Every structure is written in structure tokens, then in C-alpha cells.
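Both of the next two complexes hold chain A, though its partner changes from chain B to chain C.
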Partner chain A sequence: MHTHDTHEQHGHGESELGNRYISEHYYYVDIAPYPTTPWGKFSRALKRTLRGELFVGLWVVLREMFKFDIHTVQYPKEKLLVGPRYRAVHAMQRLFESGTERCIGCGLCEKICISNCIRMETRLDEKSRKEVSEYTINLGRCIFCGYCAEVCPELAIVHGPRYENVSEQRAHYIDYAGMLTPIDMAISGEQKEFDGFGAVTPHEDARVKQTPLAY
Partner chain B sequence: MSIHFTIDGRSVSAKRGESILQVARREGIYIPTMCYLPKTTPNASCRMCVVEVEGVSGFVLSCNTPPVEGATIRTDSTALFKERQNIMKLYNVNHPLQCGVCDKSGECDLQNKTLEFEVSEQSFATKEQKRKNKKWGVLSYDPYLCIMCEKCTAVCNQVVGSEALYIKPGGYKSEIDNHYSRCIQCGECISVCPVGAMASTDFEYTANVWELRKIPSACAHCSSACNLNYEVKEIGIDSGKGEQKIYRVTNEADHDALCGAGRFGYDFENRVSCKDERAFAKVLKAFKEAKTIRFSSMITNEEAYLLQQLKERHGYRLINPEARVYQKFLRAFSSVSGVSLYGGDLKRVAQSDYAIVMGCAVSSDNPMVRFALARAVNNNKAYVGLFHPIEEEGLRNIVTQHLKHEVGSEEALMALLCDAFVPSEVKKSHVSFFESLDVGYICGESSVGEEEIERLVRQRVRKKAPVLVLGADLYAHPRADNIAKMAGLLERFGGFEVVIVPSDTNTMGVALICDLDDEALSPVIGYNAQGDCVLSALGGSDLDMPALNQQEGTFTTVDKEVVPLNAALPYHGYELSDIANALGIVLKHVIDLTCKLPKEKGYKEVAFDDLPNRYLNHGVQIRGYMLEPLHVSCEENIGVIADIQEYNGTILYRCNPISQFNLFTDKTHQINDRAVILGSSQFAEAAKIKSGEEVRFVIDGRAMSRKFQVSSKLKGTVAYHPDFDSFEKSAAYRYQKVTFERV
Partner chain C sequence: MDMAFIIETVVKIVVILLVFSALAGFGTYFERKVLAFMQRRLGPMHVGPYGLLQIAADGIKLFTKEDIIPQNVVKPIFQIAPVITAATAFMAAAAIPFMPSFTIGDYTVHPIVADINIGILYILGVMGAGLYGPLLGGLASANKWSLISTARAAAIFISYEVITGLSILAPLMMVGSLSLIDFNTYQAGGIGNWIVWSQPVAFILFVIAGFAETGRTPFHLVANDHEIIDGFGTEYSGMRWGLFFIGEYANMFFISFVTAILFLGGYGDGSLLGALGLLLKVSFLFFFFLWTRAAWPDVRPDQLMWLCWKVLMPIAVINIVITGIVMMV
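Take a look at the complex of A and B:
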């Protein structure tokens, strides 16, 4: 029994209520009523056994085996791209061209961290600028919530895409030197810009306001 | 007489001389300000404090306008908000957007008010000037961050009295500059700076303000025991057990001042890893044999009381020469004044309009005496007369009349003051004393002219609040007893409020609590002092003790207040109370003794945890409690003054550089004055030595050798000889004749 009519009726009512989960292309599947009598149940079992549905399944497998365009990802050899908002172990970015570390030592990531796993020490460097002398993330405590990357005003601390971590302790996953983009990569422009939470949105340039009379 | 008016519909009343803003603050009504600093006179440059007064067109500056009877004032309206918002927009012109790295971020006035008045963008800009960051010792100045509120110059002139900071004018180019030779490195300018322009060189970029835990306590370096906050944080990432250190010291800068020693001399803690049981056993054995305990006045009231109990129980002699002479002086003073304590305090000095100072190295003995005098001069146009043999360049903005006298003539000069200020009917009961005064002789021998004294006396006319400040030169004077009695006479009948400045941190407490002895019997236990067995908070002794920033307890200050001291850092070793416990005095914490301090000396039965330590909105400090002044019988007569002794030749004056008080300040990493003899070029000529030469000499029976340096800030024929670099504190007269021997 096709149920276009009932669907129309339902759909009308729902769309009035604004139920965005029901599309106009939805329809009810034709499902035979469940057998209630012992005889009915027996005859259903008999039908299912003798109709050879088992071989249908076997045929599909056999057919796909010889078609050679398999959809399975061949994991260690093949890797899926992770989404830009994926939050794996952290990375520290550098500025393009100069290769200077982006981190200015403002301490916001330390402050916002809800599992209290970030600690940094800062000092005055020879150029009278604030310099980060020590930076650690206790990955044993980190819950990978992404707040640090979101709050960072310099897009310095970000979440990397590297999800393959094998160790006895999470602390071994990465250290500061490992998080930091290698300087030659930064200078040659190979460093990938972060697109996740806290990143600059594509239309940000248009939103920047100039100070009137700025020299 | 009070003035009644309303602010925001609330009826309030003002005393004469109070501004609208002061009344509002007292009543807890909020008026935003940027340049207003309650402890100085308003400079009225920011215009944020504007209010609306009914019937008056335009806005009125609340910081320098006194209210009129019946006025109706509004502190908030749309127009006022717009006005203040516009002011904030102008403050933000070209202000660097570097809050992320600025030290002030999180406690910045500009940041707070920018958010409060919803300035979300910089709507104006101007051509940036080329400016240079400056570094003046402990102080760093970033002109780009400076908003020219002038708070720093105001404190430097009015509170510190050194007039080092000034404004280099030039419109948008103007910036702050420093007459560096006048700067005493107190850091007051840092504490009042609303933005990050004036920063501590040492603290810069080491911690964010929100990571620091504030521990309110009392400064441990001089008898003012100023209120301060130790700000602590973990030492670093790899400190392991989360060991903490003090990163900086702050205070309630709007209302109170702090000197350089308090602000920068904080890291004198004694780090020990554990209880050293063997050393403890050894010291305990020494205690069982010892007959004397020698100690310094760098001690809390509770520990002093504990020593007194040990004396009562085990018969130790208690030796503290410096507190002993103070104790004798105070007793002699009250034997004439009739009250156990002197009547004045430094708050009264700051409010006075006439001050005579005698026997006190004003800048270095107790910097708060200097600050109080500077405030008196600037706020009340006070007349300050200073009796001192050494003229100091740095005091010329504070001292109105310097009465430079010969060394040793203090008694005679005090007698002249008595002669001038004690009413004639009182003089009748001290006939022999007053009749024997030979003014001509005194003036001749002390080389203070008669007309100088006359000028000083004449200025006293029509002054409402005269004070007399006495310093440590007098306590060990050969004629100290008589000087104290004359001071007592001046307080009782001369109309003066006297302040007898205690010579060390808790000299007052020790003098009141302990029964001190004059002669030591060996073997001697030294507690932060010399002895056969030494307990020291500096480390490297027979047993380590906690330093004063690791202890809880109370101090008795120059203001006769009992103020709480909190531990900024933990201490893992043995304390004096452990020794007392082992010697049969059972107590759990040393602060259990706070309520047991002797009531017969004026202490009150208040538990340590009940001692308040806070400020009210309008700056009134509620801290600890005041000692109760008690009446004592007065019978003693004043002796006839002795002949003035002559001090000729090479005279050294025991006096430390500003901010250096003792071995503890010497230990701190930001206070680096070296122990050298400082003298004028005139002194160098007379003593036939050159700047930079090493000399050997004997002083108070102790042979020592020191470097000599000529200081252009000094005049006269007496040189400064520091004693901060030694445990051995002399209680002899501060001026000593020596013979130099070139090394």
C-alpha cells in the first residue's frame, strides 16, 4: 500500500508546525503486518528459508570482489582527510616568512584551560619583548576541548590533525619542540593554516574597520 | 559643621574641605575617575569624575569641587555616560593594542574603563611620535603606554617628596622624565600607574596578574610594618612539588605608601627542605646549657613573648641591646609624660602643620617618617624643622629649616625646645633645671644660632597640630635618659604630640613584652644574633629558622598598632615554638599567644584570626588594634643638662643606605647597595682619604675594614657608616670618633 496520500496529509500538518526533519520526498515503506498466529509465524520462517536470500548476499560479495573498485580505506597505506575542526594533539604555529614563533605569551590558553593542563613561563627577552621561556601541555589531563585554540589571539596554538598516537602515556604524544612548526617549513610557506575553532573566517577582511585618519 | 546635600537621591553630609567625590566614596556611591589619587591633591586632568548639579549648567568636576548646602547631584545620566565615553575614546588614541602582553592587563584602569564605557574601537588616531623606553633602576617606563594622568609625578612630589619625576611638556609629545639622581627607588610611581607605563623592571613579563595569589601581610623591614600584599606563584614549570615564590609586592596604593625596601626587598625567605633532627637535638642541648638568649628585633610579638616565657621558666637572660636602650628611653619618657606610650603616630605627623624632628636619619631609619613629613608639607604646608648634624640633599623639598648642630649636643638642644615651649607655670616645678640653662653656651657649643631657634619657635604660633619626632640617635645618647624626660615634658605640657620612632622592625614590641637584661652570661644562644649557638633565618647557622615572610604573628608598629603578619611562603623546618615545646612550654601554634600578650602593657585579648586587615572605600585603614595607653606614676625630675662633649676629628654616623636595613634586605636580589662608608668631599679632605680607598678602623671595640666613597649628595664632616651587613648591632651612640688606617 502506497502512502503518498497520507504523507501529503502528514506533511502538510508538519510543515505548518515547521518540522524541518520531514522532507517532502519522504514516504512510508511498505511493510507487511507481523504474523500473530503460530501458523503465520511458521509460514514466514519457511518462506525466508527457502527463498534463497542467503545466496543473494553471497552474490553481492562475489560480484564486488571481481569489480576491483573497493570502497574500503586501506588504512595504514591510505588515510582519510580529517575535518578542519578535528581536535588532535596541539601544534604551535610560526609566522610566515620570518619564522618567528607566533606565541606572545599572553597566557590566555593557560587561563581558559578547563582541565588546568597548560603552564607557561615568560620573561623579558633581549629585545624588550615578552618571550615564552617554557611551555607545557599536560596531555594526561588534556581533554582536547579546543578552548586554547579558540582563545588564542595570535592563532599560535592550534589543534593538529595528527590522530595517530601510540604510547604508554599520553605525555609522550608530543612535546613543545614537536608541536612547533619546523622553521624551514614556516619560511617556505608549507605550514598549513588552521581552519578550526578560533580561526579567521573567510570574510574577516571585509569586517576590519580602519581607524579614521590613521597614518 | 557639616554641609547637607543629596547624591543620586541619597541625602549625605560633608565635612568642611571634603570634595563631592570624597563624600561619594565614603558613602559607597560610584563615580568613575582616571587621574584621581586619594592620597594626593586632585590634579583634575582626566575630567572623568564629572557630575551634574541641579541648577548649574554644564558638568562639575567632583574631585576638586566642595558641595554646597542643599545641592542635588547626579552621578549618572545618558549625557554623563556620553561625556565619559568620549573621554575614554580620547584616552585610547594610539594606545597600543598589546593588552595580550602588557603586565597591567587584568588590573588596568584604562582596560576597565574602556570596557565600562563601551569603547569597542579606536575612533581617532594621530601621527605617532618616536619615543624611547626608559629604564631607571627598578623602574621601567614605556611612554607609548603612558596616558599622562600625572599620578606618578604627584606621588613623587607629594608623598615621597623627592621631586624626581616630572613632565617633559610638548602636547602630544609630552612624556614623563626622571631626575635620576633624586630618585630614591621606592617604586611608588609603579604602584599608582593605572596602565603599564611605569613597570617594575624585575617583574616585567614574568607573570600575569591573575595567576598571582595575594597574601596580605606586614612589611618586615622597619617599625612602620606597612601593609602589603605578597604575590606568590609557582617557581616554574619544573619546580616539582609546586614550590612557590614571591613574584612581587603590591599595596593599597590609592591610600597607602610603601618604600623601596618593602616593595622590592621581599625574597629573604629561608628555604629548607625538611626538619633537621640532628641539628635540632644539638640546639636543644645548647639551650639546656645556655644562660643567655641574644636576639634581634626582627621578631614577632608572639616569639618575643615566647622568649619572655622561656626566661621566666628557665631563667635565661634576654639580651637585645638595641631594644634595651629604646625600652629605657620609653620608660624615662613616660616617667615624665605620665602615659606608658607616646601620644603621636605617623598618621598624625602626616596631618600635622608643624614638625620638629631630632636625632633621626629621616630617609633611611624609617622611610615612612620621610613620607609622612612630605605629606604634611604638601597637604598642610607644614613647617618642618630638622635637627641633624648631616645635611642631606634629598630632603630639601621636605625640610623647611635645617638646624645643623654639632654631634653630641642633642640634650642641650632639647633643653632649648623645653625652654621655648613649656609654659612658665610648669617651669616653676623644674626651677633648678630651667634656671641652669645657659642659652648662649648651648648655642655656641652646638653651633645652632639663637636666631635659628627663635625662627623655629616663632613659626609655631597659630599652628594647630605640632608634632615632635625623635629618632634612634637619641636612644643610645650618653644622656638619653634626660633627653627622654624632656621629651616627656614637651608632650605633657608643650602641646606636642611626640613620636619615638622604634629603631628596628619590632623594637616596640620587644621593649614592651620582654624583660631585657644588660649583661650577657655565656654560653649565649643567638636568635638572628651573635652567640655560641646561632639560630638564624638567613641559613648557614646551627639551626635554620623561618624568615619573617614565612611566619604568622603580629608586630607592634611605630603607630602603636598591633598588626597581623601572614606567611607568604611555607616553612618546612623547625620553629622557635618547637624548641619551646621541647623545653616544656606547650603550644600548638605560635599565634595562639596573640591573645595572651601582656595586658598590663596595653595589649588586648584579641585572637590572631580576629585581627582585621582591610581598608574602607574612602581609605580608612582598619588593621589590627591600637595599644591601650596606660597611666603610669610620674615623679621623676629632670636632671640638669651635662656639658656638651666635643666630637672632633673623623666622625662616623651609623646609618644605612635607603632601602637597606639588615642582612635580610641585603639578601634580596633587587636591593644591591653595598656596605661602604659614604662621606662628603669635605669629609674626605679632612680625613685625608680618597674615594674608592679601603680603610681600616676600630668602632665600638670592633675592628673592621671598609671602602670609602664620596657622595655628592652629602655635606659636612660626618660620614655614613652602614651596619646592615652584620648581625652585630651596636647599641652605642650612633656617632663615633674613629681613626682611619689605609689598607
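Take a look at the complex of A and C:
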């Protein structure tokens, strides 16, 4: 193996690397001895001059120019997709078809929030069902840790893909209406199911272990 | 003096000023695009189609910006320094034949402002005087980065004047004239007559010295962004900074013209094809300036001085001696 050969050449044993975690693929680069004689210095300068490394550099950039393999994303016009596990501004999901808010007002997100930016007020509605009367997330305080989405039993509060959250007013950072899926989108089924943090994974059924009825 | 001559000269001066100021602007666009493509980027794209109007946007910005004179600077010198850079760059253009002579009706136009018989000496002298731009600008700026840049500029420009002069000396001995038009007629026979074939060493030395004289990338120590900010330009803004910029780009174009005329056959026999050929050569040399910027790292100041005095100058002297021996034998 190359690694061990180089180690032996340079007299570095396992002892020097000690217990540090160093990848097996690491190896010591050979450094040519520094010339001390005038002739040595002269021949090194000559070698470096005539080796043509400068032309290799020129060729590489010219090749890239003609390949025209451009990696620029023209940002306001083009946007990169963020991964499903990306934790951007929250979204509040609704139930499909009925359009009722999924949030049952359990208060777990408020409880777990480590930066204390979620605040909710709940009450009983006329059918004695718990409903959320007031729900705010102070996005100026939020550290986007994702605990709220993970703890939510109803997949109501999730992290959306909206990462452009600039605003002129601090008040705009507490915009519940903006997070909530519009009702027409929920009814028509346009609401995207969240597959990120805390969501049910696609192959969850196979992994579920049945609980025996009797212990 | 003949009235027609005066009018012709004034028209030529105005045309050269306008064309090369505009070309300096286009030069920045090409530089940004070429560098971008070589680095897998797109470059300016937003102003106009393919970012073409970026030049206009930059121009408007530079012209309308507030003219800031910082505290503690030596005001008159600070103000005049960028003008020296731009002025010397354009003054050097006076002795460059940009195109072969052509006739409008029965009037023959020589596209050179002044066909003086010491053309090369004049160009080198005026470009050498261009040192006063960075020198005075940096000294007057009351800024330590500018001061370092000034010291470097003085060292580099004065040192590399030697290389420029010595490297041209050998071709000069062959042609026997200092006029660029004589240089052109000497090489008018075709590609085989180009001086670059008989004086390849002088050509390489001259190109290297040209990079140093214009302060382009392998020798970009005068305004090395990562260590001395923008060097002598750090305290400048608006149009005064723009003048430094125009001067640098005009210098690049003029050095490309001079190199093409001295070594690469100029406009050849003076036909339309020859004129196009000259433009092609100049474009390639200008592209080479940008190309090296994308490909090569900068050298250290001490390496630059080492290269000048211990490598290039001895080679230039040996080249002159060998040329002399070959000519005598």
C-alpha cells in the first residue's frame, strides 16, 4: 500500500500519527531537498522555466472556456431546489379536502421551542373541540432547529422550502397567515405533503413493528 | 503650417481618444467575460443582452459619482495623478501607426498622429513617464497600502524599462531605424519576414516586460488586491479611479499594437487584409493579457526583481551581443 511505503520512507511510524484520526488515503508528499549549491539553484530555476507548467495552466483555462460548462445559477431568474430536509420558513399544513387546520393546539411546539419564539393561545370552540385562536412564530428569533416540526404529532407545523425571508419590517416575521396553506389549495389538493424533518418516511410501513395485543 | 494638416491631425487625435476610451470600456467587458468563461461563470448578464450594456452602466456610475478627496491627502497631487496615467497612455499612441495609409477621394490619410523618426524611443519614454501616475497618486494618498504599492511601482517600472529597452535594441540594430513605419516596411514581405522569427528571444523578453509595464497579472504587484487592497488606487473613487482604469486598458491596447508592429509584421503590405491582420494580432495579444490573468498566479516582488536583473537583463544583453556578431560576420 502506498500509505505504508511513504510512511516507512520518511521514518514516520504509527507512533507519530498517534491516535489522531487520519484517513488511510493520506500520504506524505515528497518534497525535494532545497538546493544549496549555486549550480543546484541554477539548474532548479532552469528546470522550472523549461518544464512548461505555465503552458499547462494556459491550456487548462482555454479548454474550460471552449467546453463552456457554465456552473452559474442566475439567481433571481433561476433557483436551486432545496432538499426536503432543508429547514426554511415554517408552513402550517391543512387537512386535504376538508381544509381544516391540522393543528390540534396540543402546544408541544411551543413547549419544545428552545428559542422561545412560538406562542399560541387555544380555546374550546362551540363543538367543544380545541382550536387555535392565536399562533405566532417570531422568525426573527427562530434558529430553525426543526424541533417544532419533529415534535408535531399531526404534521401540522413543518418546514417549507421558502428561504427568501427578507423584509422591511420586523413585524413581517410573525406572519401566521403567510405560513398557513391557502384554503383553496388545500381543498384542491395542491398542498404538498411534507417529506422532511419529522415526516413519515416513504417505507415506514415496512419498518413498523406490530405491538402485541397482550403483554 | 498647412491648414489641412492641422485639421487632419486634430481629427486623428480626437478619433484616437474616442476610439481607445471606448475600447478601454469594451476591454473591461471582454476581460470580465473571458475570465468568467475560463472560470466556468457567465460574467455580467443583467444589463442589456448578455450584459453588453454593462459598459454604459459602469460609465454612468463612474462619471456621476461624487469626487471624494479624502482627509490628509496632498490635494493637488492627488487630483492630478490619474490624469497623468491616462494622458501618458494616450500620448504614447501618437507615434503608433494603427492602420496602413488609405485615400479618401484624392486625399491620402496616414493613420498615425506624428510619424517621428524616433517613434519607439518616444513611446518608451512616454510610457516610462506614466510611472508618475501610480507614484504620485500613491504617495499623495496618505495610505500605507498605497505607499507600498508606490514603492513597488517605482521598482518594477524602472527595472523593466531596462528590459524593454534592451530587448528592442537587437531588432533596432537589424532595422536601423526607430520609426515604427520603418519597422513595418522591414517586415512587409510576409510571415517569413516577421522579426519574431529572427529575434524570438527579444520578442519573449519584450512581452514579459510589457506585462510588467502595464502591471498585468503575473506582475500585478502594483495593485495586488489580496495584500495591498487596490494599491495606489485604494483612496480613489469615481472618475479619478476611472482615469487610472482607462489608462491601464489603453496601455494594454497600445502595448499590443507596439508588439504587433515591432515583432509580428504590423499591417504588412498595407492592403486591407494587412490591416485586418494587424487588428487580429492586436486582439490576440489583448486576449493573451486576459488569458494569463485567468491562468497564472502572481509572483512575489523579490522574485520579480530577481527575474528582471538576474535573468532577463543578462539574456537581453547576450541577445544583443549575438545579434551584433551575426550582423557583423
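To be clear about the criterion, the second predicted complex is superposed on the first by the 129 of 215 C-alpha atoms of A that agree within 3 Å, B and C clash if a C-alpha of one lies under 4 Å from a C-alpha of the other, contacts with A are read in each partner's own complex, and residues count from 1 in each chain.
Here is the rule we use: a residue touches a chain if its C-beta (ideal position, glycine included) is under 8 Å from a C-beta of that chain, and two chains touch if they have at least 3 such contacts.
Since we're looking at a predicted model, the values are computed, not measured.
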Partner chain in contact with A:Val60 - chain B first, chain C second, else both or neither: second
Partner chain in contact with A:Ile70 - chain B first, chain C second, else both or neither: second
Partner chain in contact with A:Arg51 - chain B first, chain C second, else both or neither: neither
Most chain A residues touched (candidates chain B, chain C): B
Partner chain(s) touched by A:Glu121 [first = chain B, second = chain C, both, neither]: first
Which superposed partner A:Gly105 touches (first chain B, second chain C, both, neither): first
First (chain B), second (chain C), both or neither touched by A:Lys130: first
Which superposed partner A:Lys79 touches (first chain B, second chain C, both, neither): neither
Overlap of the chain B and chain C footprints on chain A, listed as residue numbers: none
Chain C residues touching chain A - in the complex, by the definition given at the top: 34, 36-42, 45, 291-292, 294-296, 311
List of chain B residues in touch with chain A within their complex: 100-101, 105, 121-128, 133, 204-208, 210-211, 234, 236-238
Sites on chain A touched by chain C in the complex: 45, 54, 57-58, 60-62, 64-65, 68-72, 74
Complex contact set, residues of chain A against chain B: 104-108, 110-111, 119-124, 128-131, 134, 136, 153-154, 209, 211-215
